Amino acid sequence: MNDYDRGYAQFTQMVGEDKIEGLVARFKSVCPDFEKEVVSVVGGRIWTRGVIDLKTRSLCSICVLASLGRDQALGLNYRMAINNGARIDEIFEAIFQVAVYAGFPAAWDALVKLEAVLKEMDGEN
Amino acid sequence: MNDYDRGYAQFTQMVGEDKIEGLVARFKSVCPDFEKEVVSVVGGRIWTRGVIDLKTRSLCSICVLASLGRDQALGLNYRMAINNGARIDEIFEAIFQVAVYAGFPAAWDALVKLEAVLKEMDGEN
Amino acid sequence: MNDYDRGYAQFTQMVGEDKIEGLVARFKSVCPDFEKEVVSVVGGRIWTRGVIDLKTRSLCSICVLASLGRDQALGLNYRMAINNGARIDEIFEAIFQVAVYAGFPAAWDALVKLEAVLKEMDGEN
Amino acid sequence: MNDYDRGYAQFTQMVGEDKIEGLVARFKSVCPDFEKEVVSVVGGRIWTRGVIDLKTRSLCSICVLASLGRDQALGLNYRMAINNGARIDEIFEAIFQVAVYAGFPAAWDALVKLEAVLKEMDGEN
Amino acid sequence: MNDYDRGYAQFTQMVGEDKIEGLVARFKSVCPDFEKEVVSVVGGRIWTRGVIDLKTRSLCSICVLASLGRDQALGLNYRMAINNGARIDEIFEAIFQVAVYAGFPAAWDALVKLEAVLKEMDGEN
Amino acid sequence: MNDYDRGYAQFTQMVGEDKIEGLVARFKSVCPDFEKEVVSVVGGRIWTRGVIDLKTRSLCSICVLASLGRDQALGLNYRMAINNGARIDEIFEAIFQVAVYAGFPAAWDALVKLEAVLKEMDGEN
């Protein structure tokens, strides 16, 4: 299996079969090659590496994204974290590390985004 | 137990009994009140919260610090991560999430720092 | 008085008696423990330290938040700065330091946020 | 010609005669002196320096702004890049460097902003 | 007086007559035009604006630089802050705002730099 | 040719035949898989994309790295920029865009690093 296919399968597992097409369409609409690189590199080469479980990898990712204030990827990673088995209270703890190490305001922005994503997900069910 | 004592005990567990005095002395030498706040808040109020285990909390912290390039706290957190049970190959995986989400150069700087800390720790034994 | 009560009193003084409940409710709605930590640590342990006056502390805070682009905390800190006695033209000067030291675009974003907060405050009176 | 006039002429060339008044009005409305400094320093002292062509300077600027997530200046710089002769596929390549050096999420946010600006520009014609 | 001369006078006041030549020489050695822009823009156009006093402006600058981890400018600004009348304990308070709003690690790095600058200054007398 | 081989060839062209082994050894020593990913992804998938020439891609990269203060990658990219045909005065102009868009201190740090790299390169001939 090549990087792209491995990444597509990985993202499908993490966002759900009903959401994968919407996700890749969003990436493609802003730049087709960007979709190819995100799926192949982020999904295919990195998320598939193993060694640590997907839930831990998700909490790590949330910490990077909250620290840097990357809004869209943070939203996506909250969804993937939940699908990867992270409970909301576990996500909160990752964000408390952000609070002391990147500042309380970074944590606040991240928590507001989490609230929005949880509301969205509620509306989908 | 108050925040400071809880934090002192927590840091002692994470850096080792032989290193805790050196660590608090380093904090105090730059600003006595800073030592009090770091031990009480970072150690006493946040690291002691539970819910996720200390190893996961360490990997999360490393991701925040590597993303922001905070050199000294990163060095300290590598040591605490290892004492909290993280293997080097698990730390590598946290840094791979940094590579794709904060850029390969942030990961490179973090890996060079890790190498330096491991060398230091080797010299201590 | 414990950290939380000290922080609650401090924030009450800085946002006004009519706004404090709304503020803590906002923090609690995203994560109850986050409210406890923000009020106790940011409010109770740090804002109450003295040595520099509250207006100077506000201008310093605005500089941190504008540099890092932390939108929500910046909005809150503009309100607290004004209550702490900062005039608009003094806030502008803090932002000019941001312009040369963090880049003109960081200052631009901060000024647009200030305009929005001033408009909101106008609508409240 | 003084810095301000040089900057005004430079920005006029880069945003178009029909848009320059709107742009300076936007800067003035948030803070009159800010407009004076942006036009004089950013426009008059730096954009006019020569040595590299304006298209290259635009791609460089996009890279800075996308890395730091400065939304408004990024929007303005996309417009100026296109007026300076950058094709969309060239802007994409600048953003791919952002993807690997500042992380894929910074590139994603930048591409979504680009899409919004292109849609706006389409509506203007 | 033009921007450059105003900036040169301003920096002379803030670093001292015995240090100004060394400072401009350092800027020139890395890039002559950079010296011209720093002195004219940062010194001549911004530091001279008034409205807030130089000590407050220094504390604001320290907050920007500590948040972003800009090491060299931070070192220079500590010296200027002290010449502008800031006491060490006032600088500490500015850094405590950095601790909660940009994270304790940013404050730690800033305090270590402050210690180094104070040691240097001690050696000069 | 696979991603790794394409990346190895690309980096060889950009750092020179006499330096490529040292470079990959540096990446491998901190983490073998990191070397594989940097060469394959950064070198093989992104630097080889074309559309903009390598000199422009280098100036863009320098802007990202200077804005974020990524020291090691910045040093490497200065060398590659020069091999890709960028003159020092063209690199200066990229850094002037950093000065106004990410702050003068980011530009200062970048210029000091450039001076160090140029001195190193001088010593090699």
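Observations on the model:
Labels A, B, C, D, E and F are assigned to the chains in the order they are written; within every chain, residues are numbered from 1.
Everything below uses one rule, namely that contacts are C-beta pairs under 8 Å (C-beta built on N, C-alpha and C of every residue); 3 or more make two chains touch, one makes a residue touch a chain.
Here the structure is a predicted model, which means the values were calculated and not measured.
Listing every chain that touches chain B and chain C alike gives A, D, E, F. Residue numbering at the chain C/chain F interface overlaps substantially, since over half of the positions present are found in both copies. The pair A-F is the one among C-F, A-F or A-D whose contacts match those of B-C for more than half of the residue pairs. Once the centre of each chain is set as its mean CA position, chain E and chain F turn out to be 30 Å apart. Taking the mean of the C-alpha atoms as each chain's centre, chain B and chain D sit 40 Å apart.
Distance from the chain C centre to the chain E centre is 24 Å, each centre being the mean of its Cα atoms. Touching of two or more other chains is recorded for residues 33, 37, 41-42, 46, 49, 64-65, 68-70, 73, 92, 96, 99-106 of chain E.
Taken pairwise by the contact criterion, the protein chains are fully connected, each one touching every other.
Only residues 69, 92, 95-96, 99, 103-109, 111-112, 114-115 of chain F touch chain E when the two sit together in their complex. By the touch criterion stated above, chain F contacts chain D in their complex at residues 41-42, 46, 49, 51-52, 56-57, 59-68, 70, 73, 89-90, 92-94, 96-102.
The residues of chain F lying in touch with chain C in their complex are 100-106. By the touch rule above, chain D contacts chain E in their complex via residues 3, 33, 37, 40-41, 45-46, 49.
Listing the residues of chain F that touch chain B in their complex gives 27, 29-31, 33-34, 37-38, 41-42, 64-65, 68-74.
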